[in-house]
């Protein structure tokens, strides 16, 4: 396979430009270009399926080579990036139609492709400069995508870009520190430097790089940008952000934990708890806290996309938790969950986007009863939530199960408990989502709602199928993951197409049995059900209300504050808000800065001249008296 | 297994129905006061498979315990129509029978079966638990013999009932 | 092969029979506790069959009708994953952790169906059910982890096998067993955790719009549910059983003690229920877990 | 055949044109408009013609009036001064085009004359080889700038011009005193010569002079706390003038500090001392910019911050640091001049300098806004723009030794970059996605103004995507400066 990586990287960028130019010709030229180029990228990417390793030098900068490389792990992430991008673009064609300013739309598609390209660049990067460069490009291009979403999205985007920049600069410091030691930023060289440097240095590097990835992966306490950004972004962009973009953080963590810092190194330079190096253990705890707290927050949301955004924080917590276990099973679970989360979270965001497209609101308590009007979207959403809640036989279950088993093997029971709790909490918020949108009473203003156009349905179909397939045949993904992990020095894990055989300390899993037995018992139960007299369909207003007659004017629906009583239980936790703490410090810094700036730049000439006098005096005095300037 | 005739099925069904009667009671009047002793340990109507249930969908018997007025009739009709066939109505106490002490009130419905078909009335102001249980036993017999067909009558004479309801409710 | 098919057909039937028998016994025992005569012993069968042969059934939509079906399908699925009297069935295809989630399938299906009934009582009921589930799940996972650590496996058959010769988890981890017992109340929605269906507040909650055959199906699935929860408890803490009679007796013992407490307790408010579960059962379960860890 | 590749022409032509403009305005004002374009067009051509010589020899020396150095007035162009001169000429050329469409206020001819003088002075400062010439150029620049800042003649402009005048004069005086002290001590004004003889001087002699020269140049070069005139002067001046002031004039003064420090006063302690100036300048510039409501004032403070950044890179006193500084100078000159030009056009349309009024402008003035975004991204150092490469270089250079001081400095720099991102993104966001406030019809800037912007923007984009030549060139320039090739080559080529 002689596909060049540069071409793969360049395709979306070139495609983006051509799409923009195409938009000047006609909007359909633009749409077709956008779809075609993302399809092309996906096609090019798929050619690397069997490539175990390939590296290209594509330039050099400041004496460090710039490298593009691919291996099965990068292939996995490439799969996430390219496929979700393609689906998002297809979905956008109809969803973004309402935007009248065609320039905005042209640049929207261009930025979509640019973000895709940047993420491909991140994944393909074989050295830290390339990585960092595309990381930054991804940050600002995705920023422009977020702010497409209207007035509120501007604040969200602003918060996002500022936090991204902070995170990126933390990485920047680390990269520069590595560069000063190695004068080369190619991954193997970096790994060498880290293994030869003092532990303090290495730990600092890991922490600084980690901060950058934590911001992007939205691990608590650096998550505050995510709920706003993901919920305020346009509907097709949210899946890209939640499904794919935060995975880049996970990918970065994988690279530093296992690419740059070999397993032995971590163990050598720091003490271990539960046979996990202490730094990774802290990461695990942060991830576990993300899982639990974000779950709690998601339960309390009233806004569909915000709910999903918090859920993303929680789910990325699983990914990071799995990645940080350090065992084959855990890391494989984390990687697999990254893929699965990309699939089902994109599906959920698209489904919610479809609802927003038709109803124009994402406020959960304004919706309800749409199952009769948008049956397909309902199915998509239900499949998504079942996967998200980690219920067999869909894909979210398998990866979560792997993470649980890995934690149990390591006896990290407290983390395991938190992971379980987050998963059960997921039942609450996913049910809230499906109930408030599709079940319950159909509001009168949504009487004429139809299901979404076919172009918006196709991406959801694809994702539904993917959810089922990866759920029942986890071996398909494990092929890639295990092959890739072998390159990073992990012991292979036993698996087969349908699941996992029983190991010495781990239980067995065969999803196809679960699925088929469920299917059979479902059919049996259904046939049994059909034996009895037929049901008569009644309207939603023919409903038990203790004899009261339900009329369309009467809102006979329970939706607002769905878990209010649960909210009372967890209220004490939310007295502390991380965001409020940040805001407090930012405000304090602003007031401080403003105050002192006004004192320095007074606008008064005498003051200014006195500065000159002071400087000269000090300099002269230093020279004359000290004989030394410092 | 040989095919059972429809008649046999009906017989078995009626046998099951009479052994498991779930009631929803519509209580405004004082008549409901005698229900608790009927349910609790003194008389224990669960012996006969009778149990109070909450919603109209689950119940088989609509127990109208007390006077009905124009305002509450609408609710009673709604509840009755929401119940699933087969369903039975028992007028409980003299208020349901003929208005009772409120016989001359402008707002009280004097004759229940002009609006919904009652299968059975229990006389008395208010009926004793023994009378209640006796009534249920009687209803069971009616069910067994297929004579408790109020719901069929309602369907058959829907126009009649609707007309009467409309007159009162407007 | 024949044996497999027999088991596949037999296991759900046996489970249903056991569950149904408990439903029968429960009503009788409850009546006796309340100093009533009580219904005939087979009253639940009458009830279920009566509901099934209702002439008229209503449905609020496909999902509404699917709810009870999924509830039963999920329950049957779960039955296969719990070793029953020496038969391991599908325990090789999914372990204890998987079982925790398999058990949720039925409830979620039911929740979907109930939500489709467009009745706020149902919604409130489900909101409470899920909240309660969240409540008892925390101690539940802790004891499940304790047991898994105790026997170094998550395979239920192995756990049962390890408890052979009277070496029950009940003796080795008594604290976990107590918590498990308390959790079972919540899982079955018995007093004091019956706020979910509280008839006087939310008109039987999720079941508010269900009648006729739908309700009949729900009662069947409840029978399964009783079996699943009690059987899991027996497998985890009472060493399972090699023969169906002993298995039944163990289950009966657990269930009997449950009813004894059940009927004399009042009802928790939902947030109090969660607070309760997150307080003492959790603490006790954690103590037990730490004991296992240290051991 | 006259050798046109003569550095003296770089000054001589603009100066000649200053008089031509003054003269021609007597006949036709429209000629005066176009003359600066020719002047700087020629300048650019000449500067480019010098490139081969400089690349070959590393240094080109031109003397005047038949004297030999060190007595003669000589122009010394090495790689560093060459690229600064090219930038200055280029900016002069581009901004002259812009001026034609931008300046519509009397007295035009005086504006053009002063403008040409300003750029000429800047170039003079850059390529001069002796200290007194430096002072003269400094004064020429200042005088032209005083006039230009006050060009609008409203209250703010006059006040700003006056502040600038006072502070600039003080600066000039200090510079002059410093130069005189050196002259008194060494008996020569030629930089190379002083560098040769300075070894004999006492510590006090040397550094007192240095302190004064530094202060004088620092005022012009916008080093904190000597830069207080700048935030007033830049907004008050016409945008094209701000563009030159910000883009190259402060840089020229900083260049002079580079040159003098590195050639004559090359002591490690000095760099350590200067680093504090650099960091303070950076901090105060960026933080103050964050609070501005006036778009030009914001850019002006941002200039202070950027100055701090490349001055910091200079104080690292390493080849890499210098290379980073030079790259950042290129980045800043191109981007910031472009930004001022764009903003000038926008202010004409919006009629206000308040940032809030710029909401939604980006949707109307698409080309301008696009290049504005490019410029800002480049200043913030976001890839793939040129600022990214230069920032990368600076940070890499700073962290060559990972000691705590350097890490702290880098943290400060990056924190300030965040602040910079904060205010630039705030502006960009309002501009592209905000709702327009007033009903005022907003059109794209006129084609001529746009041409100037696009030329700069395209150059910036070009160097962004193809930075290798610049990186190589600046590396060479930096190692020249580091290795004192200036002195060595000047001696070899008879500059002394």
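The chains carry the letters A, B, C and D, assigned in the order they are written, with residues numbered from 1 in each.
Basically, a contact is a pair of C-beta atoms (placed from the backbone, for glycine too) under 8 Å apart; a residue touches a chain by one contact, two chains touch by 3 or more.
Treat the numbers as computed from the prediction; the structure is a model and nothing was measured.
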{"item": "Highest C-beta pair count, chain pair", "value": "A-C"}
{"item": "Most central chain, judged by mean C-alpha position against the global CA mean", "value": "A"}
{"item": "Mean-CA-position distance for subunit C and subunit A (Å)", "value": "36"}
{"item": "Whole-Å separation of chain centres (CA-atom averages), subunit A against subunit B", "value": "59"}
{"item": "Centre distance in Å when subunit C and subunit D are each reduced to the mean of their C-alpha atoms", "value": "78"}
{"item": "Per-residue multi-chain contacts in subunit B, two or more chains", "value": "55-57"}
{"item": "Subunit C residues counted as touching two or more neighbouring chains", "value": "53-58, 203, 208-209, 212"}
{"item": "Multi-partner residues of subunit D (at least 2 other chains)", "value": "none"}
{"item": "All touching chain pairs, where touch follows the definition stated at the start", "value": "A-B, A-C, A-D, B-C"}
{"item": "Subunit A - residues contacting subunit D, complex", "value": "61-62, 101, 103-104, 129, 132-134, 136-137, 139-140, 143, 147-148, 151, 153-154, 157-158, 161-162, 165-166, 169-170, 172-173, 176-177, 179-181, 201, 590, 593-594, 597, 600-601, 603, 605, 607-609, 611-612, 614-616, 619-620, 622-624, 627-630"}
{"item": "Footprint of subunit A on subunit D - complex, ascending", "value": "162-163, 166-167, 170-171, 174, 203-204, 207-208, 211-212, 214-215, 218-219, 225-226, 228-229, 231-232, 269-270, 272-273, 284, 287-288, 290-291, 320, 363, 366, 377, 380, 382-384, 388-389, 392-393, 395-396, 398-402, 407, 410-411, 414-415, 417-418, 421-422, 425-426, 429, 432-435, 471"}
{"item": "Residues of subunit C touching subunit A in the complex", "value": "12, 52-61, 63, 65, 68-70, 72-74, 76-77, 80, 90, 92-98, 100-102, 104-105, 108, 111-112, 115-121, 123-124, 126-128, 130-131, 133-134, 137-138, 141-142, 145, 148-149, 152-155, 203, 208-209, 212-214, 216-217, 269-271, 274-275, 278, 289, 293"}
{"item": "Parts of subunit B lying in touch with subunit C, wherever the complex brings them together", "value": "9, 12-13, 16-17, 19-20, 22, 40-41, 44, 46-49, 53-60, 83-86"}
{"item": "Subunit B - residues contacting subunit A, complex", "value": "26, 55-57, 72, 74-76, 78-79, 81-82"}
